[in-house]
Amino acid sequence: MNLIIAVIKPFKLEAVREALTGLGIAGMTVTEVQGYGRQKGQTEIYRGAEYEVSFLPKVKIEIAVASDMADQVIEAIATAARTGQIGDGKIFCLDIGKAVRIRTNEAGADAL
Amino acid sequence: MRFKTKMTRLTPTVGGLRTVQWVSIGAVLLAIAVVPAQAASDAETVYVFNTLLFLIGGFLVMWMAAGFAMLEAGLVRTKNVAEICLKNIGLYSIAGLMYFILGYNLMYGVSEGGYIGPFDVFWSASEMLKTVMVDGEEVVQAFVLDEAGNEVRLEPAADGYASSSDWFFQMVFVATAASIVSGTVAERVKLFPFFIFVVVLTGLIYPIQGSWEWGAGWLDAMGFADFAGSTLVHSTGGWAALAGAMLIGPRIGKYDGQGRVRPMPGSSLPLATLGTFILWVGWFGFNGASQLALGSDVNAIAVANIFANTNMAAAAGCIATIGMTKVMYQKVDLTMALNGALAGLVSITAEPLTPSIGAAVLIGAVGGVLVVFAVPLFDKLKIDDVVGALSVHLVAGIWGTMAVPFTNSGTSFLTQLIGVVSIGAFVFVTSYVVWMILKVSLGIRLSGEEEESGSDVAELGMEAYPEFGRGTQKLAS
Amino acid sequence: MRFKTKMTRLTPTVGGLRTVQWVSIGAVLLAIAVVPAQAASDAETVYVFNTLLFLIGGFLVMWMAAGFAMLEAGLVRTKNVAEICLKNIGLYSIAGLMYFILGYNLMYGVSEGGYIGPFDVFWSASEMLKTVMVDGEEVVQAFVLDEAGNEVRLEPAADGYASSSDWFFQMVFVATAASIVSGTVAERVKLFPFFIFVVVLTGLIYPIQGSWEWGAGWLDAMGFADFAGSTLVHSTGGWAALAGAMLIGPRIGKYDGQGRVRPMPGSSLPLATLGTFILWVGWFGFNGASQLALGSDVNAIAVANIFANTNMAAAAGCIATIGMTKVMYQKVDLTMALNGALAGLVSITAEPLTPSIGAAVLIGAVGGVLVVFAVPLFDKLKIDDVVGALSVHLVAGIWGTMAVPFTNSGTSFLTQLIGVVSIGAFVFVTSYVVWMILKVSLGIRLSGEEEESGSDVAELGMEAYPEFGRGTQKLAS
Amino acid sequence: MRFKTKMTRLTPTVGGLRTVQWVSIGAVLLAIAVVPAQAASDAETVYVFNTLLFLIGGFLVMWMAAGFAMLEAGLVRTKNVAEICLKNIGLYSIAGLMYFILGYNLMYGVSEGGYIGPFDVFWSASEMLKTVMVDGEEVVQAFVLDEAGNEVRLEPAADGYASSSDWFFQMVFVATAASIVSGTVAERVKLFPFFIFVVVLTGLIYPIQGSWEWGAGWLDAMGFADFAGSTLVHSTGGWAALAGAMLIGPRIGKYDGQGRVRPMPGSSLPLATLGTFILWVGWFGFNGASQLALGSDVNAIAVANIFANTNMAAAAGCIATIGMTKVMYQKVDLTMALNGALAGLVSITAEPLTPSIGAAVLIGAVGGVLVVFAVPLFDKLKIDDVVGALSVHLVAGIWGTMAVPFTNSGTSFLTQLIGVVSIGAFVFVTSYVVWMILKVSLGIRLSGEEEESGSDVAELGMEAYPEFGRGTQKLAS
Amino acid sequence: MNLIIAVIKPFKLEAVREALTGLGIAGMTVTEVQGYGRQKGQTEIYRGAEYEVSFLPKVKIEIAVASDMADQVIEAIATAARTGQIGDGKIFCLDIGKAVRIRTNEAGADAL
Amino acid sequence: MNLIIAVIKPFKLEAVREALTGLGIAGMTVTEVQGYGRQKGQTEIYRGAEYEVSFLPKVKIEIAVASDMADQVIEAIATAARTGQIGDGKIFCLDIGKAVRIRTNEAGADAL
């Protein structure tokens, strides 16, 4: 199993969710995060003092998938989240040693 | 009651201050009557002043509805904020409609010394504005019906104020009583059963007990004094809330197995602070316009004294609470300070005229101190009062009413006690019955699941702050 | 219009209630004239009362600017909250300046029955305060210019009220109309083009149409009645907003490919609730002081009746909407309830004096019901109205104006229709032209990217709630 | 000062506008005296009007306490919001208590032309209400003590207004001065030392300098003019705040090693906007009721002119700031626009009566422009003023006071300068001493750790928005 | 060492924390998240337009534990967080290569 | 590649960001979290009832880095975030199987 972590632009969340549902992915967990990267934050002004806002709002999606689905999922996320503009985000894929569904105690791929 | 002058003379009760002799002035009619031989135009001026006092007082008290809404929105948890907003604007609306349909006539139609007024539906203004021809010109004049049922031209001297201004002013008071209830039973009560309770409270319970005193019923005849409603409005709301809180039970998780209190901090303390300030400013109308007359030096002085006393009781309540919580907990509890200011206001409401400023300060300070002890006490009794309305309105309301004889020698502790107990018993019992009927019929409490997901989603299908974090939309931008 | 007494007699229209005969009183001058033989001092008292009514009404209506700001701040998304705050305080400021520079003279300088007033710049008060010697003592007296241009001592009897008080009161009305626009086109309109539109609206469009009725122009001559501005203020704002909304288009993502509506819930429902309460309390000034006179029994009664009717129409609008949404959606929509209360207020604004309370309840309730249907209707037409201002101010404004003849028999449906249509056409067309010019010149809409990141960052370079989560600073400490 | 009529005649100073001749009217007593031969009832009417003006003005200024609370709550960071709310409601309460205990007597008991008033404790109303028998009926009448100490019946003509109404009105002004301080030293000052400073400020510093002008002391004798308190209230608050800010130092991290400013954006701009609107509406009471009299055509005109000027100065300040920030930073700074409106209000406060509207616009606009430059200037001086109170109240307060001679020819720049400097020096030095004593005794600043975790947790042990994210409870459900 | 990631119902946080403290687990990190899964979100209404809220509030707990504790911890979380109702959540177990306690620079299991 | 997860005190975020920029780290993702650990939360009082706030505000930083950079990065974070006081936080290092830059579809170390 893999844990796929994707950091995307917030307004792409819905498109990504739809793409994943299309692949039969039934679940995911979403976190509001702040991203720092090549995309420069805006300059804000507060009471006559300018300052750089270096962090930009992003959304992080975590999806546990069976390993054979991983590439497909990464592909689908990348396609749905892409605007081609700087700041589109990243996808990371990690290994999961064990997964459990709390409700039923099912483990492994059945838990997803 | 509000329509006759209390003819009592006070002896100063607070030593050390430069004291003055006060006399409680409750009414306009006599005050007008005694002004020596005024010309018609002067009576009209007084009439306008009195009306204006009601209107200014009325919009200030109406504004208190916003204060209750903000106070309660700030003290409930986020998941219940939208619903408490709806409850507050809804109950204010219902209170007005019920007072129009039934309440006012029931309250002010009671016979002198009586127990219950007439069930006449639909209040209407007593004046008619008509166009008549005067010296060949069309002129608008006001008419009223005389005792024989004939239309006669309104003589302002004989009347006092526009009837709608009085109605408006009395109406906004009803909503205050209902607002108190919503704060106590928040976060778990079902919306429509709550609204039904408000219908009964504002259409029947409040007006009936109100008629006993302000309607010149039996309590007034007995000499009970409650200038602006420590008992009639605030305790009444408190008793109705208490009955509800007892029947509905505490919020899930509020008291754990070992009887410990688990605090459930409110969503927004600045909103709660704003609500308190709104209530404070509205209270100038609540107490000040309860003088019911403005158009003479005596009444102007009285209203001015009431403003000063009202403010200082609140200030003292606030400071007393700040000091008490600092001493007791080493930290100052803002929510207690807010409740303390309100308790000061409730305390002075039974008699804001006769105390000197020093006495008002003492009365308010005691109110503030009471709150600091009452809040944990209700928790010990496992009566879950979300916003502290029982401590503020019921406890301080009783205190304020019982404190009247300290500064108003025309009153007695016994009569005050009779008033407090009889109104308390009536309101508590009737409210209990109504809540009970609602409980066994429609049910008054959200399901556990609904309560856990929050009444906003359960009852309104919306959230008070629907955006996640800093504003990512659940749906694409 | 506001300066002459309507000499019409009404027949009661709402059966079942104890009805009274009402006559609409629009004015002070005649009312003063008819009081039999008053001494100078009495006229001065009336003068002070009238001035005071304008000042109290004026600060209450000014306060409505805060209400619009909070309502709109609560109903836009977080990323646009700071900018809507700026827009609201800015437009209120601009409205005052433009009304001073151009508007008031244009509106009240029109010739009787006329179509357009003079383009005189800079309004100024008509009274001069001067120090003169009386019996060897310096005394301040008020002077005015007579028709020959000579300074003569002010005779309060002949005047009615301090000219600045009237100016102040009329000025705050202009801002209301402009506030309505900001709510509809929120979240996507560019800041400075919006401000330019406000300049034209408050300096030209509003005063010209206003002159037709309140300036004693042709609509007034025809018998059109709009007591406090259901059409002149609220629909006017609504038409200007509609033109803007049509030209600017909906927010990105509001309507999807299949024409479905994607809700974009506002950032804070307690703020929206607060805004509604502020508007409600301000409305007592809006309608009450539109009586324009206070200093007699007749006027005091009228103002009091207006207060009561205004409140009850709002209450009925609110309850009607609560009931309707519960029936239609099984859940109660708080934002609709808020809009419903406001719709009740707008509905009664065209005629808050002649209805009985029962009639006011019905008028307000219909207004509330209309909102429940109008909001989805505008969505169906893909007119994206962020805060529901079209449903509340335009739709209920038309309803309220058309409902006047039900209770004021001196008016006719036809004349009311002529007023609604002519003002609607004028305001819509001129607004459309102005928006169009702005669109092709400066552009009226933020770029897609700016809209997506939010107008706060795009226009102000700041955020309404700049802290991430519970207060971690983006910059250290 | 406020008790005598300024007998000065003004020459119009703003060309291009239709100017009128104005005379500053500061007082009721003389104004009443000069009305030719009035009947007793008329004097009573005037008495009621004057009292009513104080009461309306008083509750509006009281409401400003809520405005300061919301403005400051919006401009501090989340972790300090609850404490700033507590400070604001606490200081308002303290101000009232101290003014009752000491302040009022100290301020208004000063001998004519004097420097310091008596340290008489406990103010009390001068009227006594008593029940007497008139023609066999009990009647309430008002009595006062004559010079020989005998009780005589109150003659309204000889008095002017209910003493409590004046007391109430003066009292709410004191709180304003204290509110200013809390905004500047926010986020790092310790709670109880701050409260102790407020005690001294409101009980001693404010009343002593106030007595010099409004108490008819030496500055008044010299001809200094400060109608509603640009210097006496606003600059006084500003100087006290400046002394505090200098001694307490900037917040941790506000200025970095290289002297750069690190912005610390406030928690909620809509709350700050609300606060500004509240202050704006309250200011009508602040300036309008500072006319101190209402019951004549002259006074009614004056109050009306003050309302109009007050509004337009604020509008101009706001628009000026919007324009300036757009030009200087390409973006519009909402917090500056809010400060700009307030600066316009402060600027016009020294003389809201004599300017024409055009002049008021200019005075307010200059105030707004000053703020845009003053805010970064204080930062350059490393004086950390969290909410901009120094720029708004101190800088614009000085400007407003110095601008009086432009429209009020009875004043001179030199005298104004003497007033500004002497009050400034007195308040700054005494405040500095008090802050210093507090610093070396109790300490005035939170520890670094407390400041970093926030004053809410440090002083109150609670959080303003205690829920994490969208409302997950830290404790179950 | 393992990183255990659990997504649970918010109101179960306290129970889970107590269960873990019972096992001697001294630390954890909690994030407020939005979950999408089998549990359907509620339908909300806004101004006459109905819409599906597909994400539900959940809480994510991250706990680093020595590998030999992992199963025990997973078990404890599952037991404490279970309601048996749909939406109870998931537990994932990942490998941690290295752990450091910032204060002391301790590494490995000592860092926990 | 590694995913470095650091939980730090919020006010140290800026120092850590600067330290990482100094190492040439171009990106990171930041989440606001609540931490439970040895550092005791404060006691809060609400309306006369005391209660322990067991969770404290922390910031979680996630940084994907090439494996050869990992130790350097951990070192830099630890140094920048250290106050020496209890509650300074933890750093965990996990393996990343795959990384993708959404904008360009670059994979592996190029994606970072």
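For the reader, a short list of remarks on this structure follows.
By letter and in written order, the chains are A, B, C, D, E and F; residue numbering begins at 1 in each of them.
Keep this in mind: a contact is a pair of C-beta atoms (placed from the backbone, for glycine too) under 8 Å apart; a residue touches a chain by one contact, two chains touch by 3 or more.
Just so it is clear, the structure is predicted and the values come from calculations on it, not from any experiment.
Considering every other chain in turn, the ones in contact with both subunit C and subunit F prove to be A, B, D, E. More than half of the contact pairs at D-F come back, by residue number, in B-E, the repeat among C-E, B-F or B-E.
Between B-E and B-D, more C-beta contact pairs join the chains of B-D.
Mean C-alpha positions place subunit A and subunit D at a centre distance of 53 Å. In subunit D, the positions touching at least two other chains are 45, 52, 56, 262-265, 268, 274, 329, 331, 333, 335, 452, 460-463, 465-466, 468-471, 473, 475-477.
Shared interface positions of subunit F, i.e. residues touching 2 or more other chains, are given as 11, 31-32, 34, 44-46, 51, 54-55, 94-95. Residue ranges on subunit C touching subunit B, taken from their complex, read 5, 7-9, 16-23, 25, 30-31, 33-35, 38-39, 42, 45, 49, 52, 56, 60, 77-79, 252-253, 262-270, 273-274, 276-278, 280-281, 284, 288, 294-305, 307-308, 311-312, 314-316, 318-319, 322, 326, 329, 331-335, 337-338, 341, 356-358, 361, 451-452, 454, 463, 465, 468-469. Chain contact summary for the complex, subunit C toward subunit D: residues 41, 44-45, 47-48, 51-52, 54-56, 58-59, 62-63, 65-66, 69-70, 73-74, 81-83, 85-86, 88-90, 92-94, 96-97, 100, 122-125, 127-131, 134, 137-142, 154, 156, 161-165, 167-168, 171, 191-192, 268, 271, 274, 459-467, 469-471, 473, 475-477. Taken in their complex, subunit F has these residues touching subunit E: 2, 5-8, 31-38, 54-55, 58, 60, 70, 74, 77-78, 81-95.
By the touch criterion given at the top, residues 1, 3, 17, 26-31, 62, 64, 94-103, 105, 111-112 of subunit E touch subunit F in their complex. Per the touch definition, subunit E reaches subunit C in the complex via residues 44-51.
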